[in-house]
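Two complexes come next, and they have one chain in common, subunit A, joined by subunit B in the first and subunit C in the second.
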Partner chain A sequence: MIWVPLLLSAAHLISFSLWTIWISFTPSTLIPVSGWVGLRNYSAVLASRNWQIAFDNLLLFGGAFVVLSAATGLILAILLDQRIRGENVLRSIFLYPLAVSFVVTGTVWSWLLNPGLGIQKLVHDLGWTSFRFDWLIDRDMAIWTIVIAAIWQSSGFAMALFLAGLRSVDADIIKAAQIDGAGPVRIYRRIILPSLWPITITVAVIQLQFAISTFDLVRALTNGGPGIATQLPALVVYDLMFQRSLLGRGAAAAVLMLLILLAVLLPYAAWRYIQRRRAAHA
Partner chain B sequence: MRDRSFAPSRILIYLIVSLIAAAWLAPLVVVVLNSLRSNEEIAQASMIGWPQQWAWNNYAVAWSGFCVAETCAGIRPYMLNSALVTIPATIFSTLLGAIAGYAVSLWRFRGDNWIYGIVTLGLFLPQQMRLLPWTIVLRDVGLINTLTGLVLIHTIQGLSFTTLFCRNYYVAIPHELIRAARIDGAGFFRIFWRIILPLSGPILIVTVIWQFTHIWNEFLYGVTFTTGQQQPVTAALIALSAAVADIPQHGVQSAAVIIAALPTLLIYLLGGKYFVRGLTAGAVK
Partner chain C sequence: MPITTTRRRLLAGSVATLALPAFARAQGAAKPRLTAISQWSAGSDGAAITALGKKFEEKGGVWQHSPVPGFTTEMMNKLRAQIMAGDPPACSQLKGPEIAAWSKIAPTVDLDAVVAAAGYEKVVAPDLAKLHKPAGKWIALPLQIYSTNMLFLSKRAMDKAKADKVPVTWADFNDLAEKMKSGGVNHPIANGGTRPDDGQKFEAALAGISPAAYRAAIMNLDEKALKGPEIKAAFAQVRKIADWMDPNVGAQHFSTNLKRFVDGDMGMMIMGGWAQGVLRNAGFKFEDFVIAPGPSDNSKPVFLLNADAFIFWQRKEPDLQAGQTLMAQLVMDPAIQTMYSQITGSIPVRTDVDLSGEGWSEGQRTTAKALKDAIASNQAVLSMAHNMAQENGMTAAMIDVITEYVKNKSIKPEQAATRLAEAVEGAR
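Moving on to the complex of A and B:
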């Protein structure tokens, strides 16, 4: 009785994952069927334009989002670390988007970024009629609207982690450096920022993991459009499974998502393991 | 850097921080203002503007008037759906997570580390890997397109988070306490109710806030496993924006967005401290 919840959770994770992997090798379309088609589903997914665009978008979105949200979070954390008044209120403001669903975030940003309704319209109405900010309907730029909304939503999280890191830097070392005549910029560059590396890597991995599974935000903001310009792997999986009823291919796309995730998580796990070993020996 | 005396640089810091804070608040302010403007006013001007006439009526229409698909009952039934899924799933997953966390941290058994490791894998595995199996299982047990089905999914999936939170909290409880109670003849559940649960206040608050926010905001399962009148509010919001694409109703939509976001925003305002703790607890695994 005691182990039921644990076993239930562990068993469903293992069996469901294996189940999806198995389906990805079957010729299933509308319903799951047995059979073996080897890697046919995988080659079909990899050859599709939808997936290729989704994968390129993921590289661009994942890279830009991780770097920019970590940078924003770090800047916010450094600013808040200056012992300023109203720190609690400011921290709450930067963190509140995290409490709101991606559906809401995506909807609101789709309005703000809509050239006929949002920021561009406002600037036009103010008299600057040549102003252009129409990324939402621009095939090449639309992916950046997702980056903007995602940064707004998630950089508060990076800030919270960085702030915890900044607060744990040894005050004596900083004081010693000050006595030696080091200025604030030098202290940040030489002492404080280097100590934040472990947190930076953790932030990057978590944000990448989020980027890989991004679904609701895109669904609400651009729905993959214009055309399929903001397609992402999670949308491809959903489309194959539930809109085109190609279960085998959908499962293959889901497994590909898992492989992308492992490409991020396995090096991270190895790094964590080495760090811990080193800490144990020190 | 931590110097209060150098005034100009501090003014600059305050200026930058206030500007960023304003940018972060702007989307919320825009939506709140739009929820009080009429649809015509927004269509003529832009999404960004002060209400000319306060259209409080938007909230009434959003709550119980507008139409999604063929039903014109507003957002109310979907809010109720979300509440009926989120509240039980939060309670069940938290309680089961507390039991599981207690089992792996204080009531050791053979292979517990392995099982715990697999359970925490659930934090990383993409949801997409479990969509098809859940569809098949829910159909076979007759729970597809029901709120009960969603409660079941969120309860089981949520165990990865709740077990992790509770286990990390319980490892700090001294083993002697449990050992002494066992010598006195107390069993697993007796110790759980009498000793563990009364000590669990702080972590249960973190877990409840985390689970509530998570489940309320969830969209993929809601849209995959339910349709029409059974959908949670996140899915209904998407259906609403698709439904009003031809005749924009941004005033009403804004009100609907505010109503849908209100429960988690309130929780965040009331328990922000615990929300952040949950966030970082999930991060520094």
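Moving on to the complex of A and C:
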């Protein structure tokens, strides 16, 4: 009877999405009201500086985070795959940050990255006084502090998926390559990594949808600052809905976020569908 | 521990609710009961409202306070949910223009009779009174006042600068900051990095330069005033302040740096009067710092008003209605206001309370006198950074510009002034 919970969650999801879409076309402010303002909420959101900064940040953060966390995860997985001792312990350690709430991650990193308290001060106290690591308070670099904290949190997750992929590569093929005289680098490059493509795409899509909805991490780490330099769409939605009491505009921003998500998920779904069709034909 | 007290009180309150219907029927008359929500759960705020609840109970009432700790927005979310469910609290914390905005979404209580009986209107600052009677009738009552532009001077930093004169104008202020800098104070301005923090720097600068320009541009959103020379001058002053701040504060709360302020590593702090309570709670002594009204170029005190208030929501239950009347009487009572302000470090809303007695600090007396003088010279204005001058949406749009300006030194004062005018236009 798997369809009962499925139906319930789908109804739940769809009804709230429809409700948000409806609100985004109304003049709602403090509380939801009926009425029709057309696309006025959308144009107001799109024209606001906050949203423009948030959208640019999302492109930068999303891209950098997905690529770097996948790369870090892959390297960790390859290193762990060398039949080393204590693999279980290391795997748990790398996976552990995933168990920590983003608010905790954000708060801890906000102390570590604060130039007056954290890493920079530590290095200064050790004697290297010209050392500078003040990205947290640098408008142009602050978004990278979020990338750093997010990678720390979730590269373990990518690692776990990649490790499973590495383990599922057919050992016979690798042995055959070894007999043919291929070195380890060549084996990784020509045989193992190409077989990881499907996993890479899965990792990228999961991380990307996480990147789009990032909220608690930024809120705890920089709270959108310095100034409004590290705004992200989810922060803008919260700010519009609850801090500025502009429900209609907040809903419009939320719908825009949904559209961005669909721009990622629909191609992914299409890709999966084509893959399955191909597999069925082969 | 204020939290334990609150919890115990809540428990007692809920037991009382269960027992109440039977009790009321037996008595024949309604025993006053009050359901209230606020964000005040801990520290001096929590202690003050708990003490108010105790007074309410002493008068025979049943006190049911549900604190929603955290930001004001979280308290508002709870209030919104309760209003939409048709079950508003009998009374809730709300302040400034939000009183007018929220009073449009649910019916409120007409407090005119009880306010008139207490003769309250005569003793409240006129601009403040207006906020609490948005449609001509009193629907909310201010509880305590803070000024958001008090100037705190670190005694040790003053010693380092070999200065003993409290700055009156912005020129004095800038002089003293330079002296502190050359006297070895690392950061002449103590600060946090939150949005209201940045907003306070700007409002203190503008109101200090010209209270009239502040009233026109920030309170009345007059287009010409928003493009006036005072705005640019205010931004230029904010740049000076920002250059004297510790750039490393990130998004920290101002209280993080209080120890450095007291130690003389930081010199001056432009902060609300509540900082006095925070300093005292942190174990610092009154001898460690001096409190004065914020800089004012015409030498008469400028008072940026921030007042906490309660709004009363219409309820049909006779016991809640009786509770609302009792609560209103208590909130306006000079003795209660004295008790409340002495706990939190604010000053009473009533301008006729005598602060010469024991239990008041020098800082509170200075603040109260500043308010009186500012009202007399029409220089008591409403704080923008703390949501008294405009509704939240407009305030947030203004602070966006200000906070970006504080943190981005490549923005020129003229550019910031243009952006502020544009932001106001966009949020209208």
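Following the convention adopted for this analysis, the second predicted complex is superposed on the first by the 274 of 282 C-alpha atoms of A that agree within 3 Å, B and C clash if a C-alpha of one lies under 4 Å from a C-alpha of the other, contacts with A are read in each partner's own complex, and residues count from 1 in each chain.
The working rule: a residue touches a chain if its C-beta (ideal position, glycine included) is under 8 Å from a C-beta of that chain, and two chains touch if they have at least 3 such contacts.
No experiment lies behind these values; they were computed from the predicted model shown.
Between subunit B and subunit C, B contacts the larger number of subunit A residues. Using the contact criterion defined above for the overlaid structures, shared-chain residue A:Leu98 touches subunit B, although it does not reach subunit C. Of the two partner chains placed by the overlay, only subunit B lies in contact with A:Ile206; subunit C stays clear of it. Of the two partner chains placed by superposition, only subunit C is touched by A:Arg49; subunit B is not.
When the shared chain is aligned, subunit B and subunit C each come close enough to touch A:Phe242.
Shared-chain residue A:Ala252: touches no atom of subunit B or subunit C.
Once the two complexes are laid over each other on the shared chain, residue contacts for A:Ala77 go to neither subunit B nor subunit C.
Legend: residue contacts after superposition of the two complexes on their common chain; A:Asn114 is shown touching both subunit B and subunit C. Of the two partner chains placed by the overlay, only subunit C lies in contact with A:Ile228; subunit B stays clear of it.
By the document's definition of touching, neither partner reaches A:Ile146: not subunit B, not subunit C. Touching of subunit A by both subunit B and subunit C, each in its own complex, is seen for residues 110, 114, 117, 242.
Partner subunit A is touched in their complex by these residues of subunit B: 1-4, 10, 13-14, 16-17, 20-21, 24-25, 27-28, 30-31, 34, 42, 45-49, 96-97, 99-100, 103-104, 107, 109, 115-116, 118-119, 121-122, 124-134, 136, 156, 159-160, 163, 188, 213, 216-220, 224, 234, 237-238, 241, 250, 253, 257, 260-261, 264-265, 267-269, 272, 275-276, 279-280, 283-284.
Of all residues in subunit A, those touching subunit B in their complex are 2-3, 5-10, 12-17, 19-20, 23, 32, 76, 79-80, 82-84, 90, 92-105, 107-112, 114, 117-119, 121-122, 125, 152, 157, 160-161, 164, 184, 187-188, 202-203, 206, 209, 212-213, 215-216, 219-220, 234, 237-238, 241-242, 247, 250-251, 253-255, 257-258, 261, 265. Chain contact summary for the complex, subunit C toward subunit A: residues 73, 76-77, 80, 83-84, 101-102, 104-105, 193-194, 246-252, 391-393, 396-397, 400, 403-408, 423, 426.
Taken in their complex, subunit A has these residues touching subunit C: 29-31, 44, 47-50, 110, 114-117, 134, 136-137, 139, 222-223, 225-229, 239, 242-246.
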